[in-house]
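What follows is subunit A paired twice: with subunit B in the first complex and subunit C in the second.
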Partner chain A sequence: MKDFSIRKISNYGFFIIIFGSVISTLVLIVLFFRLENIKEDLSVIQNTHKSFLQLKNNTERLLTTSDIKNSHYLLLKSARKFDKKLDNLKLEYISEIDNLWYVCQKEITKIDEILNHIIFNAKNIKDKPLLHRRGELFMNNSSNDFYILLSEVTNSIEYLIQNETFILNLFNDLNEKHKLQEQNKLKNTKYFVLFFPLIILTFTILLAIFISRTAKKIETDMIEKEQILFQQSKMASMGEMIGNIAHQWRQPIAIISMWANNIIADIDMDEVENENLRKYAININDQTKHLSSTIDDFRNFFIPNKEKKIFEIERCIKKTMNLLTASFNIHNIEVITDIDNVEVSGLENELTQSILNIIKNAKDILVMLPDDSRRLLFIRVYKKKNNAIVEIKDNGGGVSKNIINKIFEPYFTTKHKSQGTGIGLYMTETIITKHFNGHVVVKNVTYNYDSVEYRGALFTVKIPLEDKK
Partner chain B sequence: MKFKRIISYITSIALLLTFIGCSEKKEDTKVQKDTITVIVPKLGGKLIRGAILEEAKKFEEKTGTRIRVVTPSWIDTINKINESLNDPKINFDMFVIITSWGGSLLGENQVAVVPDWVKKRIDWDDVLPVYKNNILTWGNKTYALPYDGDCINLYYRKDVFKNKNNQKNFLKEFGYKLTPPKTWKNYEDIAKFFNGWDWDGDGKVEYGIAGSRLKGYGSVLQFFTRAAAYAKHPDDKAYYFDIDTMKARINNEGFIKALEDYISVMKYGPKEILNFSPSDVRKSFISGDVVMAIDWANMGTMAANSEISVVRDKVGYAELPGYDKVFNSKTNSWDNIYNSPSSISGNWTILVNKNSKQQKLAFEFAAHMTSKKLTSKLITLGWTGVNPSRYSHFKDLSAWADSGFSQSSAKEYLGVISKSLSNKNVMIDIRIPGSSQYYDTLSYGINLALKGEVSPSEALNSVVIKWEGITESLNRDNQIRLYKKSLNK
Partner chain C sequence: MNSEIKILKEKVKSLKVIYVEDEDDMRMGTEIFLNKFFSKVEVAVDGKDGLEKFKNGDFDIVFTDILMPKMNGLEMIAKIKELNSEIFIVTLTASEVKKEEIEAAADLYFRKPISYNNMFTIMNEIVNKFKL
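Showing the complex of A and B:
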């Protein structure tokens, strides 16, 4: 659970950082190309704008110049040039200018026609600007037709100038808008260049903090969970131990009862002798000491050790056996031990608990064997390459292949709910790996004992020994 | 699960940032603001268009919109409007036009009916009924907004008329007292009397009259204004055409006599009178060059507050002269009754294009231009060319005094306009499709007659032939229907 969560967080975090980097690169590329496009657009607009200004100047000059012929030519030339330039503009801009330019073109055609007529009758112009000549003709009734014609052309030029002014305003707006657009895009790009890596960095930091906190929380949760499991495990053991105590106590209590009855019988038969009474009392006393010792054993098992110390593994085995002897006797389980003197450092009760869990597990399997079968439990403790090895082997037939890899997982049990909690072997594995830095493995083995071949599970606990230097 | 959710949020934010970074905002490519194009002709000075140009700027600043005002010449305006009706690439959202031009637009069903919210905004009840009934409605529906309330009257030099020597000499020469002319005959006599001598002692020779004679609408409207006394029968609402046949009446004896007199009186004006547009007439009168002029109400305000005016408080106002008989088109004979119709020809109204993509904006601006508040200011300023069209315009004399009128002068000025507007025999413009063609051909014919190239009867007979052709080409029955509609019949 713990490993999975951190892995998941790390994977997602990594994905986001990569994703963010790719996205930011893409956005930068797009922004860059867009800026390029805007610059290109702006250049086209400025060129067209420039061409339009030439046209407008020529139109305005037409009203005030004396050289009407040349100005007329320049007007037509600049109109053609602007028309061509307009084709380079993007359609979206043209559509706004197009209608106005259409009106201008119509007016230019009209002006062209009238000017051709006027220039043809050059005597009427007399090298004077159109407005000037019109003023002169106003005062002369005899030139009424030509006055009207001049009025018509000057009015058309003025109308053309009006429409050109609208186009000019549009160009100004376009320029303004594009410059603004360029500035905005530049600003956006700048912000983006600063902002996006900052987001990624912030996210990375947040992610690190998040992972660290989550890991810590998971660790705390795990410790709490382990403590609960320890407690659950002990409680489970306690239930079983109470049964064992009952078995352990039954014999001494029966003996005490027997000696007490002997005392009562001697009294009843008036055969009380001090020597006998002393013998009875000594026997009762021995039995109560045994009872007391049993209680101490159980109590010591359940009292949590707070301090690490060096202890012999044999003590743990003995304690376990003391707790289970009665039960083993009832179920005819033979325990064959081969225990070397090996010392390890740690919490004695925890190792006792670990060994107890394995042995209990073996016992639970063995009791299921037919009554006529031998029920064997081998316990071997030895030292190997600076490791303490504890081997516990039974002849229960071994662990099914399907479950052999899962038996150290929490809440995994093959037993009925009333019998197993599924946390015993998990606790053993946790204690051995976390608290003793060792490990525990299980495998099925076939072996001979008393010339008979048996098959069973072999649990091997390997605990590294501390350097005594 | 929670973590997955966080991851998906972060991914979404990253994608959103990407899209924002890469997205191209739509408005970035939109160059222009909400824009309307207003067409208003260029008259002399800043008349009519000046106030629109000024107010357009203020309106733009206030609303963040764009108001394009195009001002073609008088002659070009209606042509450009007509052109726009047939060319989808030319669009005008708002038309500021003289009454007669509305005919083409209304006949072609190109004008939006004025909505009630606009009427409410411009205080519709304040508008004079003479304009509501004759100018702003068509087929009994309101299509036009009252920018300018026109009324043509006579303006004369009161100071010169009062001069005892002048009175004595006039009486001696013509056998009757020198008073504002009651008939066009009187008008010509007075013009003759004051023509060609320095009657104001400024060392320059002055003239009898100034009148618009330049080829174009101004001159045509002035002609029809004069001809009304000869041919606009008080019992007949129709003037230009027979209402049932659309047969043109303009070559009847009444119109021919009117044109003869219209030409005849020119000899008592400045030598350049043939090139006079209405604004030249005003300049001439307020510069003190002529003793009388026939003009719209603009003359009164220009005389009072134009910088070049030398006639402030020297102007008298009178209703249009009449004629001592009137031609009855129905009986084809003269009726010997004194006829003195008024003329509300040439009103400037505002119409909104029915097909405008910015119709609301166009109406907003139209309502602004025709509001009671704005027009009350504009009518007192001569350069605007805007004249009274509302009850309220005649009530507040202080506004007129502020613009240069003396109290008595303002009272007299408004009194004459008011009297003219209450005349039951009113001459209005042609308001049917083809009106510009009718006016153009008449303008051409009159110009020939004014130049002396053809006689008045020849000119009008040839115009009638052309008018018949126009009527036929536009479908006579339809024209009959629309002519009746234009008269709200």
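Showing the complex of A and C:
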């Protein structure tokens, strides 16, 4: 019962810890991806931005460089690169940029066409930058085709630069917006990362407290239950003991009464003699001593010893016999003892109680035997390999096989409710195993006594002896 | 009662009794009491002993305990009755075990402790029975 509850608790605890770990791991994985996502977004924007800056540089350079061919090539290359990067940007960022870029692309195509035309047709264009050439031609008041194309391409480039500036502004805005967003997200995540372990820690601590409290409560409950059991058992034996006291006392009371009858008879018959009166009184006195010692035996049995001490097992057997003799006589039970001097350490009354429970159990079985059969109870105490052994054997026929494994379980009884509580043997086992570090076993035996074969139960109590150092 | 007892004593004086009881002190006290009334009182320590002594003697009344070793009072009574079905039997016992059986087997049944009044009743019953 006890093991089961604690196993249950530890199962719950284990389950909760596993659950907690899984949840924490999942949360941490989600957090990790969230952070990665923010970073990735940012790096795409930055890359695109960077590539755009390159494009803008190349555009501006086209106006001022004398190496127009190369600049033109670089412009086209960076335009293609930027276009590709723009594809990677998420739609939410690029609708405005996209529109402007469309205009830019058209300009770039136009610039490309015109420049190709100029470069293929004009041999001297290479050595002077476009702006410079346009200035010259303007000063010369030229109005030829070359001039028109040149000014057209220059204007286009300027227009392109203008549009690019708009895009650049948009990029700056986007960057700033995104950075702010990222900062916020990072901040939130930071708090979360900071508090999450705290939450888990608090949760775990609370859980641990709960589990330990529950375990403690169950343990206390168990101890309480055991104490109640023992108390119940003692109460049950007390009830029985009161019956035994009645048996035990009846005989001395009968004797006292008879001596009193003798006194009255002597008086009534006018035959009073001092010597006789004295004899009667002495006999009465003897009986009162007997009554007094009986009540002491019973009282001592119910006062729990608190201090462990070394005592002879024989004392326990004697005490038990003192309590039960009257009952044995009534039921014609013969007790055969063979007791060596063996000392053990512990609470004397507890061992007495354990032995008493076994003997009572045997008595209850023996009483059920038919009147004409002998009722035998053997008690043997001896020492074997540093163990004290108490053997209690009856001729009650033995314990049936289907219950022999259950007789030490609590509340197990074959008797009617009014007779047995089912605690006695459980209590015996508990005392012997927990308080004396020993064990108690039962088996059925067949044996000979006075040349007759008998069969009965044999209870063996084995208590390890402490080394006398 | 003082004079009644003396009269009773005179009446039952001639009767011979056997008293069977396993407990020494009880036997001694009761034997002394019975000796005040009857001319012959023999004691036995258990049922078997009682039966033997009954066979070898001549008795009018059997006083007996019930719970005894070797042979209990009920068995002894049954065997004595086989020998003498008219014998007057008084049981003095501590327990109430088999009360009905004892009442059926014995003429008088008293539960210990036996008071002076009980003893007085027993003596009166004996007087009635033996028409003394």
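Following the convention adopted for this analysis, the second predicted complex is superposed on the first by the 261 of 469 C-alpha atoms of A that agree within 3 Å, B and C clash if a C-alpha of one lies under 4 Å from a C-alpha of the other, contacts with A are read in each partner's own complex, and residues count from 1 in each chain.
Assume a residue touches a chain if its C-beta (ideal position, glycine included) is under 8 Å from a C-beta of that chain, and two chains touch if they have at least 3 such contacts.
Small disclaimer: the values here were computed from a predicted structure and weren't measured.
By the touch criterion defined above, A:L170 reaches subunit B but does not reach subunit C. Judged by the touch definition given at the top, the superposed model places A:A260 against subunit C, while subunit B stays out of reach.
Of the two partner chains placed by the overlay, only subunit B lies in contact with A:N188; subunit C stays clear of it. When the two complexes are overlaid on their common chain A, residue A:N99 makes contact with subunit B while staying clear of subunit C. Looking at the superposition, the partner that touches the larger set of subunit A residues, subunit B or subunit C, turns out to be B. In the superposition on chain A, A:Q287 makes contact with subunit C only, while subunit B stays out of contact range. Once the two complexes are laid over each other on the shared chain, residue contacts for A:N329 go to subunit C alone; subunit B is not touched. Across the superposed pair, subunit B and subunit C touch subunit A at no common residue. On the side of subunit A, the complex with subunit C involves touching residues 247, 250-262, 264-266, 268-269, 271, 283, 286-287, 329-330, 332. Touching subunit B in their complex are the following residues of subunit A: 8-9, 12, 15-16, 19-20, 23, 26-27, 30-31, 34, 92-93, 96, 98-99, 102-103, 137-141, 144, 147-148, 151-152, 155-156, 158-159, 162-163, 166, 170, 173-174, 177, 181, 188, 192, 196, 199, 203.
On the subunit C side of its complex with subunit A, the touching residues are 1-2, 5-6, 9, 23, 25-26, 28-30, 32-33, 36, 67, 69, 72, 94-95, 97, 112-116, 119. The part of subunit B that touches subunit A in the complex is made up of residues 3-4, 7, 10-11, 14-15, 17-18, 21-22, 24, 28-29, 31-32, 42, 68, 70-73, 75-76, 89-91, 214-215, 271-275, 447, 451.
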